[in-house]
Each structure stands twice: as C-alpha cells, then as structure tokens.
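Structures are listed in the sections that come next.
Both complexes below contain chain A, partnered by chain B and then by chain C.
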Partner chain A sequence: MKKAYNYILRNKAGLNRNAKFLFLLPGLLGITIFIFVPFGDVVIRSFHTSLTGEFVGLNNYKNLFQNTAFRLAVHNTIRFIMVCLPLLLLISLLLAVMINGAPKWEKYKDMYLLPMAIPAATIVLVWKMLFEKQGFLNKTMETHIDFMGTEYAFWILVGSYLWKNIGFTLVLWLAGLKNISREILEAAKVDGATGIQSFFCVTLPNLKGSMYTIVVISLLNSFKSFREVFLVSGAYPQEDIYLLQHIFNNWFTNLDFDKMSVGSVLSALFIGSLCMLLQKLWNGEVE
Partner chain B sequence: MMYRKKKGIVGRIFRVLQFIIVVGLGILLCMPVLILVFGSIVDEIEWSGRIAPLIMDTVEYIEWKWIPDYPTLVNFRDLLFFTPQFFTLFWNSITIVLLILLGQMLVGLPGAWSLAVYNFRGKKVLFSLYVILMILPFQVTMLSKYLVLSKIHLLNTHWAVILPAVFSTFPVFLFYRSFCGISKEVLEAARMDGANEWRIFTQMGLPLARGGIFAALILDFLEGLNMMEEPMAFLNDKSLWPLSLYLPEISIKQAGMACAASVITLIVSFFVFAMFKDYLEMGIISSALNAKSGI
Partner chain C sequence: MKRRIQRFFLFVIMIFLITGCGLESVEQKETALGRYVEETVELPVQNVTCISLVQKDSFIRLVDFNGQDLVSTDGGKSFDKIENLSDEYENDITPVLLSMAENADGDRILTTFLELNSYTHMVFTKNEQSIMLDKFSTMDFLSLFVSRDGSFIALQDKNVYWIDSTTGECQFLFESQGYPYYAASDEKMLYVADESGIWIYDLESSELKQQDTLLNDLTIKEAGDFLLYPYGEEVYILTREGLYLYELYSESKTRLIDGSLCSIGDITKNYVGMAVIETGNNAEFLIYYSDGSLLRYVYDSTLSSEPESVLRVYGVYEDGNVRQLINAFQKEHPEISVKYEIGIDSDNGMTLDDALKNLSTEIAAGSGPDILLMDYLPYESYMGKGALMELEEIRNAIDESEYFINVVDGVRTESGLYTIPLTFTIPVIGGDASILGIDTLSELADLLESERKEKPEGSLFSFVDAKGALKLLSQSSMGVWVQEDGTLDRKMVEDFLIQVKRIYDAQMAGFPNEEPQLQYTSWNWGTGENLFVRYFDSYGVRDAAEDAILEFPGQPFYAGYLSNSKDDFPYFMGQLKYLEEDYTLMPGQNYGTVLVSTLLSICNTSGNKEEATLFVEYAFSEEFQSAAFLNGIPINRSAHSNREICPHDTRMVYSMLIYPLQEGVDEIIEIYWPTDLDFYLLNAKIENISGVNYCDTRVYEAVIKYGEAALQGEISIEEAMNTIEKSVQLYLAE
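What follows is the complex of A and B.
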C-alpha cells in the first residue's frame, strides 16, 4: 500500500516537473504534424521532379528563377510592400498625433477600426461599384477609366490595404504615444523646444519600440490584401497587382508542385531571415 | 495635451483643420459599409435601373441615391426564407469559426502558459520559430498542409480548414501576452501551498488572464469569419463553403441581394465589434507587445 502511494507521489512530482513540456506538447505536436514534417517533404520535393520522382539537384530552382511570371510576382510583391508600409505608418502616425493632442477625439478612432471588422468578401460589390468604368469614381471625375485593368489597379490595392489597416496601426501608435511620459515632454518645453522640435527629438525616438512591432504586424497584414484583389479581379488580375500569392494559388490549381515546393522553400527562407534580421536590429538598438 | 496651452487664431484654425481631417477621413473609411446598408433596402427593379449602364456597358454612369424610391426589406426576406443555401453557408461559417476558437483555446492556452510562466532551454529559439510561423503567409505552407491533409483523408471536410487553424501560432502570442501580466510571486505562493501545476494553470492563470484571453478570441473571431484562402484551397464541395466564399459568387446583376447578403455577414462581425471594441483594442495592443517580446 505504502509502496503504491509512493509510486503515485513520485509520478505526480514528475508530472509537475515536466508540466512546462506537457503544456507545450499539444501545440508542438500539431505544428510538427501540419507544418514541420510536411515542410521537410516539400524541401525534398524541391530537389526532385514531381513527374518521375527523379533527383534533379538545383534544376527546379534554376527553372523558377527563369520563370517570368515568378519574377513579375516577386517584383510586384516587393513593390507593394515598399509602397504601402511607409504610407500606412506615416498616415496613421499623423492621425495618432492629432488624436493624441485632443483626448476628446479618441471616440473617432472607432470609425477607423470598423473596416477591420468587415469580411473582405462583403466589400467586393462596393469595390466594383466604385472602380468600374461606369462607377462612382469615374462619375465624379467624368472619365471612363478602367481602374482595375490599368496601372491604377496597383494604387487601388494600396488604398484598400490602407483602408483596412489604418485603424489597427492607429491604435498601436496611440498606445505608444500614451506611453511617453509627460514629464519628458514638459522638460523639453521648459528647455525651449518648439512643438515640432519636441516631436522629432523626444516623441519619435521614444516610439522606436512601437515602430518595430508595427512594422511586423503591418507586414503580416500586407500578405492578406491578396483577398481583396483576388475577389475583385480573380486569379489573373492586371499585371501590376499579380502578387506572389496569386502565383502560388495558380500553381496549386494547376498542380504545379515542382515550382510550388521551390517557391515555398525560398519564401520561407526569405521571411525567416528577414525576421532574424529585424530581431538582430531591434535587439541591438535597445540593449 | 501639449498643444492646448496657447491658442491664437492660427492655432484654432489649425485645430479645426485637424478635426476636419480626423473626422472626414473616418467617415470616408466607413462609406463602403454605408453604401452596402443603404443598397440592401433597394429592390431588384430599382437596382437594375441604377446599374443598367454597367450591365449594358454604355457611357453613362451608375446612379446612386442614399434614400431609395421604394425602401423595402424584400432582399432580406428572399435571402433568409427563400435561399436555403445561404443558411447552410452561414452555419458553415459559424461552425468553422467556433470550432477553431475552441481548438485554439485547448491547444494555444496551455502552450502560451508554458512560454509565459516557465523557463527552459530552447525557449528563445521556440519563440522565434513561433514568430516566423505567425508571419508566413498561408500560401507558403499551403503545399505542406495539403500534403498532410490528403494523407490523412481530411481534404474536402471542414476539418481541413479547422485543424491547421487550431495550430496557428498567432493566438498563442495573444494569449502569451495576457499571461505575462500575472505576477510570478502569486504563482509561487500557490506552489508553496501545494497546488499542482495544472491547478495553478486552471484556477489561477485562466481566471487572472481572462480579459486578455477574451480580447484575443475577439480578434481571432473576426479573422476566422474573414478566412478565404484555406477553404478555397481545401474545400471543393460548395455546400461546405463558408459565407466568405459565397458572396463573390452572387453576380452584380443581383445587386440588392448581394448587398443584403453582405449586410447579414457584416452584422455578425459588426455586433462583435460594437460589443467588444474595447477588448479588440486591447487585443491589438497586446499583439504588438507580443511581437516585441517575441523577437
């Protein structure tokens, strides 16, 4: 009897000691099953042809780099991120500073958050009414431009990204602005700094921590703008907004697993190293 | 605060200008929703008159009136009572989202708890890995997920959409943040009193962090209703689709119906948004703090 009790006790202590791993286990198990193991398979596939399963070395990689559609998609995706990220950060920062200047205005930020709650699919109809040749935008300008079929499409994409994400970023900036202690700002004022000077010399440097996080989250959300584009213009949109997500999607529907596996490996490598780089940069600056 | 001290004429004009920008832009951002709401109470006949230029492809423009000639709820009636497939898809959406949330709680909460409360070797590496997995767009892991799902014969079932989402690392980060706020001393005291780790988690961790957990779930709920890529890739059978995939299928010729369907879809999100927007804000902020501590 005593022996059995001791055994249970010992086991219990063991359970407690390993609790941290037991808690982690379900999640890790799922990630292993759904991502790690199959991704290993994808890496292996990227060195073989899917047709015969023959080992072809870097051949698939070479083919992908020569693929014009892939190049176009990479170019467009990078261009999109380079344009929309700074715009988003800047506009929402300006708004945040204005709202922060008048606490009573805080209630207006709800209007900016609303687009976030709207499913992408519900907005397709409005987009069509706005941007078709006979749409409202052309009506106000009295023109007949095919916005979704010309280079304007890119800017509509940028606009819809801003529309959706401005509230999110605004809330983040506001949180950052509120974290700056009033004493520092007062001190700057006493020292004779003008509003603009104290903004650039006190407020901005203090927002650096928030800025890093905002960049990461905005980047994450920028990949989701694909939804609106896809819903409005389908699998083959105007060539300026043919994104990496489109090409992956089309490979998938065409069962082009050779290209897809190479694309997945390259994208994962790229985003992974980008994360590491940001991490290094940020850690270096703070500590 | 700092701008309020001196207020000359110039300062006041500047202030009014800022007010116009803040409120004006806000209203502009809400416009698409207003168009949908006002468009949903217009019947098909009036709509077909309005969008005739679009369908005939003439040089005239679509007509828009805020107040329709004959306001009607007929679109909602048709959709709710005479379109059974709408209901199927609506419930598909709700089932999928709720099961995902449930799964994320079962899997993500303990995982986040472990990362927030304990120290162990490799924690930093694990954390970085979770961040990367969080940022990777769906398309990059699409092939991997497809290979697994086809191997375990779950393709073209709701589980194909639910299971991978359950193991998404985004909620883990949100949960993690809410657990970080709990003081370690309190937990240590409970440990001294002989509580085991499971009890500490369920009877102290969960209740103390419930605000943050709730916030994370709100954010996830909105995310889930918006889900498109996953069902598009893994569900062939249209009767399994969530609403988010059905809406684009309605042609613009049925504009009134499409507006009504959009409004009904919107209402769920809007309701959640309006009820819990403070929580949503909290969720957003914690998502940011997370990325910071994660990297």
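What follows is the complex of A and C.
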C-alpha cells in the first residue's frame, strides 16, 4: 500500500498532465461519434444528390438559395429570434433583479421552471382551447377568428416561447446575480451611485459572463418552438410561423436529403458563427 | 513505449466505435432444413362448398349441406363422393333448416324452424334412425359442432350441451359467461369460445378447468378468425399468423407453419375445418377453406426452414389487393419470403407524417423496403429523388394486347414509368337519357339546375353535404389541378369550385331535412380497405344507385366509381335495368379518365431487385389477377375478360335485391348476369380511357377543406382560392 502511494506521489506530475485528457475522453468520444462524424457526412451529402449519390458540386447550394420556401423559413426564423431573444433577455433580467431584491420570492425558484416541465402536447391542447375558431378567446370576444391561420399566429408563438422560457432564464440570471459580490455593490452605494447607476455600471458588467451562456441557451431554445407549432398546425402552418425546422421536416419526409444537408450546413455555420461572434464580443476582443 | 501502446489501443477502440463495426463473423450460419409446404387436394366435385370438415382417425369427411358428402379413407389424399341422406331425412327436413352438423360416421344433427318459438332438433343416425331431441323443443337455434369422438356439442344461449350421436342422449355440461360461438373437442377435452375467452372442459372428469391466458388472448386478438384442434393436453391453433402447437398453460406456442407463406394468412379465405394426420415424425394437416379449396400441408425436409431471400413490401395502409398478392406469390415462390410492412395500422397510432418519416429514415439508411405501394406516398418527390426504379423494362416486356395499356401509360410521366397500378375504377354517372353526351361540370350544373326547377323537392344527386359533393366530383376532375411545372392551376380549381357550388346549391335547394341512412356509411370492402375508400371517402356507383332506389326514390341522377366488374357491375346493371336508365362516364374537368389503385413501385435502393421485379411481374400476370378477388378492375385485360364469363350455363338470376320501398311490402329486384352487350359497352368505355385522374394528396385535401367552406357559404370562392393557394404554395415551393 505504501509502495503504491509512493509510486503515485512519484508520478503525480505525469498523472496531472494526462488526467485531464482521460476525463475529457468520454465526452469527446460522444461528441465525435454523435455530432462530428454525422455532421461530416451531412457536409459530404450536401455536394451530392440525395439517393443516387452523384456529385453535383455547388448545385444543391444554388438550388437552395433559389428555393422560395427556404427563404421564407429563414426569414421567419430570424424574425422570430430577433423578436423573442431581446424580449426574453430583458423581461427575465428585470424579473430576476426584482426577485433578487426580494428574498421571499426566491424560495419559489423551482416553480419558475414549471413551464419547462409541461409537455408540448399539453401546451398544444391549451393552445387549441384558447385560439381555435370555437375556442375560449373567440367566445370571450364574440369573434370567429382562426388565430392560428392568420398573422396572429406569430405573436401567439412569441408569447408561448416567452411563457415557457422566462422562468428558466430568470433562474440563470438569478445565479449570475448571486455571484456579484455584495462589497462591490455596497462600495458603489457608498460612492453615491443611485440604484439605476449601480445596475448599469456595476451589476450589468458583472453579469457579462452569465449573459453569454444565457444568450446561447435562449437562442438554441428558440429552435425548439417548432414542436408546438407542428403539433398545432402540422407540416404546413400559417406562413408567418413556417420555420426552418418545418422545411427540414418536410424535406426529410419527401426524401429531399440533399436540400436538407445544405440547409443543415448553412444553419450550423450561421449558429456557429453567431456563437463565436458573441463570445468575441463578450471577451472584449471586438470593440 | 508503454504509453505508445496504450495510445495505439485507444486509437483502435476509437476507430471501431466511430465506424460502428466490430469484426464481422466469418462463420456462416448453418441453414436449418425442413419446412411445411402447401399442396392442393383434388376433389371429385368442383364449385361446391362444404359446410364442415370432420375427422375420425384417417377417415375424413367433407360435409355437404345437401348430403353429397366427400369422404377420404386414406388420410385426405383422395376423396370420393357419396350420397348419404335417407328418404326419411329428406322428408323430415323443412325448407327452413337453421343449423346442421355431421360427424365422420355420417350421423347428423339438425335444427329446423317450424313456427314462431317452435323448433325441432333431431339426430339422424347413419343407420337411418331418427331421434327427436325433446329436451330442446322449446329452445331456438342451436350452434352445432362435432367432437372428434363423433358426439355433438350444442351451444344454446350461454349453455353448452353434449349429445350422443347414436342415442340422442343429451347432457348439460356448463354455462359460460358470455355467448359461446365456437367449440372444438376430442374425447378428452372440450374448448368453447365466447367473447370473454376460451372455456376448457375436461370431458373425462366432467369439470371446468382453469382458463388459459394465452388462449384467452387469442380469442380477443383473432376475433373468431381461428380454429382449434385438441390433441390431448396440447392443442393445435390455426390463426392468420400460422399454425401452432401449444401445450396448455405453458408460456409459449411453437409455430409449425408460417401463415404468411401460404393460404393460412390469406384473409379472403375463411377457415371451415381442419384435420391432423399422424405420419410418424411430422404430422400433416388438412385445412378446408370457405372458397371450397382443400389444402394439405406436408413437411418437406429438403427445403430450408426459412426462405432464401426476404422481400419487403411497404404500404402506408393495409391493402386487401396486396395481401392477396403476397399470399399468391408466396405459394408460387416458396423460396422467397415476403414481408408486408404497414405504416399506419390500428395498433401503432402513427400519423401519415410519422409513417413517411420512418420510411424516409429507412431509405436514407439504405435499409428501405424492396417494393413500395405508392398510393399514399409522395410519388413525384420519390420519383424525382431517384428513389424508384424505372419500370420501362417490365412495361416493354408485356404484350400490349394483354393489358389496358392506356391505363398503364396513364401513370407515365415525362421522366418515365416508375409505378404501375394493379387495378383501376371508372367514375360513372347514371340516370335518364339526359345524362348522355354531358362531359363537363358546367353542363352537369345546367342539367341539375333545370331539374330543380321541375322538381322543387327531393334529392337530385348522390351527395348529402358539401364535402361529399367535392369528393364525388373530384373523381373526374382533380388530375388537372396541378400544372406540369408543379404549380397550382388556379383557374381550373376555381372553375371546379364554381361549378360544384352550382351543383351543390341545386341539390340542397330541395334536399329533405331528415338525415338519410346512406349506403356509404356501412359500406365494407370485405377484403381490406384501399385507396378508394380512404382517399375519396365516397361510395361506389352501385351504392349510389341503391340510395337512389331505396333512400331517395325518384332521384334522377346518381354517380360513383365502378370498381369491380365481377360484383359491382352485375348489381349496377340490374339496378339500371330496374330503373330503366343508362350510364356514362362522369362529367368533369378531366373527363374520360380513371382512378388507379395499388400502385406498385420498386425501390431503387433495394438489394433484391431481381426478386422485386419477379413480384411486380407476377402481380400483373393473368394467373394472379384472374384468381384474386381484387378491389377494382384488373389491369390485366384477360383477367378482366375472365370475369365476363357467366358462372352458369344460362344467364340466369345472379342475385336478388330486396328493398322495403313501401310499408310492409318489399320490392324484389332480380339481378341477372349482364349480357354480352352490357360487357361490350363497358369495355368500349374502358378502351376509350385517355389517362388517369391523379392528384397530389396535399393539394387534394386543401381543395376539399377550403372548398367545403366555400360551398357552405362561410367564405367566398375567391377567399377559398386564396387560402388554397396559400396553403399549398409552401408545399409546392419546397
């Protein structure tokens, strides 16, 4: 036993050097097998026809840019993100700051996550009860509007996204706020800073680290709204809520694997670039 | 060095993990030998269907209702015809014979109806002795079965009785929980099936035994479509999945014959009776089917236990035509096993999108099916992506005079022929002479509007609501709604809606308020649902004519599809002759076209293209299409012509339709076999077919959905058109 202990002590430096790779290995293996290798296959497929496998160069890319359905889906997805993301970040931050100052609300932290725990099928049922022609909203307002078939559908989707994600984002903000040292805030107060000044000059800069994570997670969550739309309106919903996932889903059904591959490559590039850009911004490398 | 070795191994493991493969076993799996094969037993009498098959050791009897039994003394290898009815028997039975059973010795038991609440139940022994069963005299109908020891089992209400075949001695056995409908027994054990399960009765100890879970599950799952053959403590179970040997109260049953490889799995043939012949090693089986065929199952030890290759056929929904095709093909090619995979059935609760996604995954992974049934699949997309094999070679190999080549070529696109329909139907309209010469919807609308002026009350045409009108008239129009470049033809769809609205308004202006009991609500294809029922959700012209006679007497016009010349056509012609009217092709935007069904394609990624080609070729052969009871008119011309041959020497009464037209008085319509002229005129219509009426499902559904709202006046036709265009433009743009 003593010998073994001495051996470990003698080789401690070497173990430290290699241990990190050993701990990383399972995760790396998983990512390689389930993400990098399939993605590599998708990249290759994007230059070939879907089933016959003929090499077509950039033809698939060219066809995709000419595809009006794809352009509409990209437009709707970007519009959705541009509307939802700022709203989500602002509302949840505001609520987090308010709750942070009122400790009695903090004990209900778990409840804020409740919307995330509700299955999509249940949300869909509620949507239908609320927004169908014979639904609760129409009965209350004595109207006969097909909310999911008109431009209202987009705002219903935005509302649903915010309702589902605000709680979770709020908890993330709260965690960030808890990490800000009380001494700094008190020092600012002693220096005569008002509440608003200390929020913008002390709290917000200290939340920069959390903000990056929250933005990326919220961005990725925005793509999950597809489930509800699909369950309510099927593969071809009202055109304002026709998102990228709809077109991917339909392409898959119709064996359009070539278009789907190109779409996936472009989406991955876009999201990847966006995340890198955000990271650089947050790190202060880009002024 | 050690570290390098560790790294090397780590690298090798990673590579194996990434590529997802281990060392493939070079050991060849030894193929087990031995399998049951199906043989037809030649019977001395043709076109006679017996009511039961009974057995006593190697003596087998096929019981004929009229006493002309067929018997075999050599274990079912050959049969002789015998007459075994006594004069007394023939004198005693009244024309109203309700139920009858006969054992292998020739003893009979029967139930006859005398008058209300009065029945006679008698045993006629083989020695020409008749015994009246007084015990049952006030009881009504008895379900009768034969035990293998020769005694009879009678089921009456919930009671089960045993009856001695020679003395008529009767013994009450037990009362079941539900209403029993089937019994099977040997000298030791009796099995009685009711809706709750199977009751097991020990005849030796005269006591009910504990129920068996597996047998109970069987009755629920098979819903009466099974046979049992008691065999001591074991029982042979015959279901659509195959023939099994099961030891009572055990956990599993042994499959002896795979039902999908022979007639056992053929849903068009009901089981009548079964016999087991002991041969030493492997027993032989005789199964008698409702179509009059007696098939023998013999073990062949030289065949491999599993067929050499497996062909996978995929359809989104169950199709009766395909089910028959697979059974016939398997019998013809026992070396090929055919697996029928159904995307959506009552068990899996899948949606069409789910089913299509699963199929796409399989195709993308290179493990797709070999044969695709294109009826619900996105044909254009699959063809465009190269998922389907070109069938030009099969098309060129066939003799054009042998097929309705105008229909085959109707599904050809600019890029070639990738699917061939197995059957088709013709949308037709019946009525007085005013319908002749009408081929457009606007002319039909004019006709109905003028008819409405003359007849302000009552039904004019074969639909009762907006959706019905759209679905009915789309049968001869929908093929022109999408242009060649893949875009929606707004003008054609708009014109369709305008004309159908005129027709709908004319019909509804004087339509009776009470809800009618129309034929289509209870229409059942019998051999499985297919495209016409699911896709069009409307009914055939035979039912449309029946509604015009029965439900809406005086309705001047009726329309629907003519699906099967063997059955529909004689009835429809009989109805037309009764009404003294005529029929012609249904007017529409795509006038002169037919609806195709059971569209077979070969998947381009199939690893069994040779077998798949063989399957498709067999599907279109006269041999199969003549023998099968297909939904629709067979694409094989000879098979269609064979249906024109009258089954009788003279064109006698084919059937009768009894309609309660007046209170207490039934109208009887005698249906005669159609004349040569009738067939000639039908064939002339088929020969003039210019193509097929096919429309993408999503476009079709959008037109029906929003068209319905327009017809009902909820939205204008302009609004409906905008919505249709909007809803399909994404789909078409993708």
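Note that in this section the second predicted complex is superposed on the first by the 230 of 287 C-alpha atoms of A that agree within 3 Å, B and C clash if a C-alpha of one lies under 4 Å from a C-alpha of the other, contacts with A are read in each partner's own complex, and residues count from 1 in each chain.
Please note the rule applied: a residue touches a chain if its C-beta (ideal position, glycine included) is under 8 Å from a C-beta of that chain, and two chains touch if they have at least 3 such contacts.
Here the structure is a predicted model, which means the values were calculated and not measured.
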item	value
Partner chain(s) touched by A:I217 [first = chain B, second = chain C, both, neither]	first
Contacts of A:L51 with chain B and chain C, given as first, second, both or neither	second
Touching partner for A:L72 - first (chain B), second (chain C), both, neither	second
Chain B versus chain C as contact partner of A:I31, first or second or both or neither	first
Partner chain(s) touched by A:A235 [first = chain B, second = chain C, both, neither]	second
First (chain B), second (chain C), both or neither touched by A:L89	neither
First, second, both or neither for A:A121, with chain B first and chain C second	first
Which superposed partner A:F257 touches (first chain B, second chain C, both, neither)	both
Which partner reaches more residues of chain A (counting touched residues only), chain B or chain C	B
Footprint overlap on chain A, comparing chain B with chain C	33, 37, 249, 252, 257
Of all residues in chain A, those that touch chain B in their complex	12, 15-16, 19-24, 26-28, 30-31, 33-35, 37-39, 41-42, 95, 98-103, 105, 108-130, 132-136, 138-139, 144, 163, 166-168, 171-172, 175, 182, 185, 189, 195, 198, 209-210, 212-214, 216-217, 219-220, 223-224, 226-227, 230-231, 244-245, 248-249, 252, 257, 260-261, 263-264, 267-268, 271-272, 275-276, 278-279, 282-283
Footprint of chain A on chain B - complex, ascending	1-4, 15, 18-19, 21-23, 25-27, 29-30, 32-33, 35-36, 39, 51, 53-54, 57-62, 64, 106-108, 110-111, 113-115, 117-118, 120, 126, 128, 131-148, 163-164, 166-167, 169, 172, 196-198, 201, 222, 225-226, 228-229, 233, 243-248, 252, 255, 258-259, 261-263, 265-266, 269-270, 272-273, 277, 280-281, 284-285, 287-289, 291-292, 295
Chain A residues within the chain C interface of the complex	29, 32-33, 37, 49-52, 67-69, 72, 234-236, 239, 242, 247, 249-257
Of chain C, residues touching chain A in the complex	14, 17-18, 353, 356-357, 360, 363-364, 378, 381-382, 385-387, 604-605, 698, 726-728, 730-731, 733-734
